[in-house]
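You will see subunit A twice below: alongside subunit B first, and alongside subunit C after that.
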Partner chain A sequence: MNEPAFPKVWRKESKPHKFCPGCGQALALKILGFALDELEIQNRTVYGCDIGCSLLTWNMFDFDTVQTHHGRVLPTMVGFKIANPKAIAIAFMGDGGGYAIGSQHLINACMRDDKVTAILINNANYAMTGGQMAPTTLASQKTTTTPTGRDFQIFGNPLHGPEMLANISSEGAYIARAISSNYQDTLSKIKKSLQNQIDGRGFSFLEILTMCPVNWHTDAQESLDFSEKEMTKIFPIGEFKCPSKLS
Partner chain B sequence: MTKEFLTGNEAAIRGARMAGAQMMTGYPITPTTEMIEHWASEAAKNPQLKFLQTEDEMAAGFAMIGAVLAGLKCFTATAGPGNVLMQDAFSMAENMRLPTVAFINQRGGPSTGTVIYSQQELNLTCFGGNGEGLRIIYSCSNVQEMYTYALKSFNTAWRYRFPTFVLSDGYLAKTLTEIEIFSPAERQMEVIQPSPYFLKKDKPPEAYEHLRNTYNLETELHEVLLSHSQALTGAAPEIIEYEDLHTLDAEIVILAHGIVAASAKQAVEILRNENKKIGLFRPITLNPFPKDNCLATVQNKKMILVVESSLGQFERLVKNYLYGSSVPIQTLKKPAMGITPDEIAEKVNTILKELK
Partner chain C sequence: MPIKIILAGEGGQGVQTVAKVLALSAQKTPKNISYIPSFGVEQRGGVSLAFVQISSKQIPYPRFAKADIMAVFCERAVGAIKNYLQTSTIFIYDNSAISEKKLAKVKNIVKNYLAIPAQKIAQEKYSVKAANMLFLGALLSHLKEISFEEVEKQVLKELEDKIAKKPEIKEKNLGALREGLQIAQNFDSSKQPFEGMAEKDIQREFKNDKISWTRFPEYCKGCGLCIVRCPVHALSFSDDTGFLGTPLPAVDLDKCTACGNCQRICPDGAIKVEKQ
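So, the complex of A and B:
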């Protein structure tokens, strides 16, 4: 039997990783690793992670990594990039970090067109703390803080991050959404979000839809179905801004 | 050395420049805004200097951390409610022993308070965040010191790798006066060079840094904290600074810090001219505190008078470090108000009458 394929930048000492069985975020991270391999930027990359499940990645890769505070990974990486413009700075966060507690940083980094790559995992809930409502929780979706389902009249509708950012971004920005179960599309979009930074063109933002079977209380098929059929109805996969040189 | 007319805010930025600061992050807030403006205007003329006006103080704090990880001497400046928000970042710097530098001009609090003056950010600056206060804080008494300690703070931060603060206040920030601008060489000061945490040039090809401030087990964090605490305690004798005025034969020793200590100094001169045996002990570093020096100074005195522009933040610090001393303590506390030398002298005279 062949060895399973892992990215070269996968830090073997920190494996097996600590994500729950069936977690889509782990899949997204693996694809991120393959993107780094293909672009050969391991020795130029600095990676920061937020709080929530994303903090589990603090030692996941063989490149320089730092774990920050909830919502604050983006300004940390923006500061790094300004200090060292040759670095490839990646800010990795969840939907709570990017769309709730750190939303001001996301909006302002996009508005300033900071030349960093922000990758945000949308699993429609706050997973690390046990499945509470997130800005991305779907209408009527049950979470531990919306036990009868998210009532949009009280809690509003799920936030459409890439669509919002596309409206305030500059010409050179790359703004897209992918789903971790589609390997090729996610790989292509991660690579574009990094290439855009390598080219110094503009702010790059990629939201990746993932499965959270433990907090959704779903089995493998139900998890795939919810993310691929239900979530993509609300959060369409696509590129909302793509400089012509990238496409 | 040259002499120039500068405000406290200008002096601090000149000190940072002289220290070789390369980047500033910040969000405008009275009475600190001019620091950000002065740096922005310098950066506009000099492409070597970097500047980011952020969306809030949290972003300013964390962008500073990012720049420090990249190996730049980076600093920020804030006040009052901005200092509250920035504790998020300072607490990360404290956990990871990152050499951040922050200039704090105290204003009235709590909440929005006043934009003018106070000494109410002692607790927050020394011990803010969900940690143990493993930080270094210089408290400035005059505009000259805003230059001197701004210059010095970068050396302290990068030598000992603890977040370092230059604590001042709105009065000093806005005071225009003559100060001496000197270079580190003129004072035989070494200039500590920064170095990057990430993307190091001479690292082995397979060696990567993985930094964190979260731990899986209680024991892991416990050991990290003990090690950091020991490092600060060990360095404390080199860091600690204080000023001691006429305390040797004094019957009453005034304890004050910052601009209030400058006022107390004048009060001591007034009282000494009246042949009254009064002295002043002024900690320059509030953290680490010159505990042993303070204890030795007040030993066998008749009275300690604590004077401060807050409702006991400094008094609590003093009482903590003077535990075991039997010298009685009186206080003159005027939260959010300036304190004149005459007021202090009057208080001392009242105490002298009581002592007779």
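So, the complex of A and C:
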């Protein structure tokens, strides 16, 4: 029988995975799987996931996975990396875990230039709890806690993580933003962020914009339009810091 | 003796709505009621359970070990309810949605059953979302103390907002409720067999001499990203359904150029395109 086109590092027994139909995060995880396949580092990868939709990946991959307290995935993986420098540590989090409750860890890991890879999913809301306002919610975007749209005069403007980290990061850091619906671009950026850790150059951070059809209440076309047209206007795609040896 | 009821189905099928209506209408009787929902962490597509107890004594705890009546809406829920079955359980199931293979494990334990092709009837006569009302009707045939009029009243109250938007769903839901009760009252288990839906043969592979395009119904969630991402509009939804009951995409091989966009955009890895 014809085998599905899964990444080799995906655990087949845990599929179909638990993400909603049309979830952009699942798409990012598929691309992450293919990136790990291409780099052939499955046997030394350690993966940590946060609370939020990202916890649904606790059995996604066929390598050691740890699920941490909310916001603490990055320090946990940094600790693992210190104890076992040969391991490739991936910290996978959502915008709530990375930019709200865990923002101090993100900033400090970047300042310390820890040699880990942090991948952050930005879907502009708190998806698992039902679509509340997150630090990345766009101005005037409607969520369940901002039913008339996010008022930037009260709640401020959405947080630009990669831009912020690029200003405080060291020379060897790799800081970028990608969008999950662009397969090739995301694949190459994930590979670069992992390669940077393999080479031991510095902190790697990749924010991936994704769609959340269930909480945005959009169909397939509208979800793609919102993430590709509206979100990229506020969150531009690109590499904010890239060591010259990587590019 | 308390009556212990479990309702189980896919999240979004209306399991909790039925349980709520049941609990609210049972409240009008002198009995004590408890109702507690139980579902996973997923926003969509998880199995959803509801535990309801009706008792003339006080109810100390809302959960229980074995059920007296069980209504199972979908195939995936069968795995979740297995431990709550006992020989005397009245097993109400959808024989148009649960396959024979899945049902085999239940058959060993349960003697009393009530088969109701809820999804099929709802799709043909009412609307897909009214399938839960057929189950509610069927449940009422085993709960004599709850008055049918009270249930009708609670259903209308529960759907008030939706009826305000779409007035036609009022009759659809009440009709399904009545038909569910009727089917259950006329059901004769000595004449009707205890069996599930026959395995459907879904076409997986679309092939011509240049392209092989495969879809995987066991992984496809019917999000439609592949369809909107196809540059030549070769994809469209077909009548076949995947494991969540959502429509599966089908390809028009005359238009397909095997660019692979659909395979790359699929979050579930449910499409594979190969050039021969």
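Keep in mind that, in the parts below, the second predicted complex is superposed on the first by the 243 of 247 C-alpha atoms of A that agree within 3 Å, B and C clash if a C-alpha of one lies under 4 Å from a C-alpha of the other, contacts with A are read in each partner's own complex, and residues count from 1 in each chain.
Methods note: a contact is a pair of C-beta atoms (placed from the backbone, for glycine too) under 8 Å apart; a residue touches a chain by one contact, two chains touch by 3 or more.
What you see is a predicted model; the values in this text were computed from it and never measured.
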{"item": "Touched partner set for A:Leu224, first subunit B, second subunit C, both or neither", "value": "second"}
{"item": "Subunit B versus subunit C as contact partner of A:Leu55, first or second or both or neither", "value": "both"}
{"item": "First (subunit B), second (subunit C), both or neither touched by A:Gly22", "value": "second"}
{"item": "First, second, both or neither for A:Asn84, with subunit B first and subunit C second", "value": "first"}
{"item": "Touched partner set for A:His69, first subunit B, second subunit C, both or neither", "value": "first"}
{"item": "Set of subunit A residues, in rising order, touched by both subunit B and subunit C", "value": "55"}
{"item": "Subunit A contact footprint on subunit C (complex, rising order)", "value": "40-46, 204-205, 214, 216, 218-219, 221-225, 227-229, 243-244, 246, 263-272"}
{"item": "Residues on subunit B engaged by subunit A in the complex (per definition of touch)", "value": "22-23, 25, 50, 52, 54-56, 58-60, 62-67, 69-72, 74, 88-89, 91-92, 196-199, 205-206, 208-214"}
{"item": "For the subunit A and subunit C complex, residues of the former touching the latter", "value": "2-7, 10, 15-27, 30, 53, 55-56, 127-128, 130, 181, 183, 213-215, 219-221, 223-224"}
{"item": "Interfacial residue positions of subunit A with respect to subunit B in the complex", "value": "11, 43-44, 46, 48, 51, 55, 58-59, 61-69, 71-72, 75-84, 87, 104-105, 107-108"}
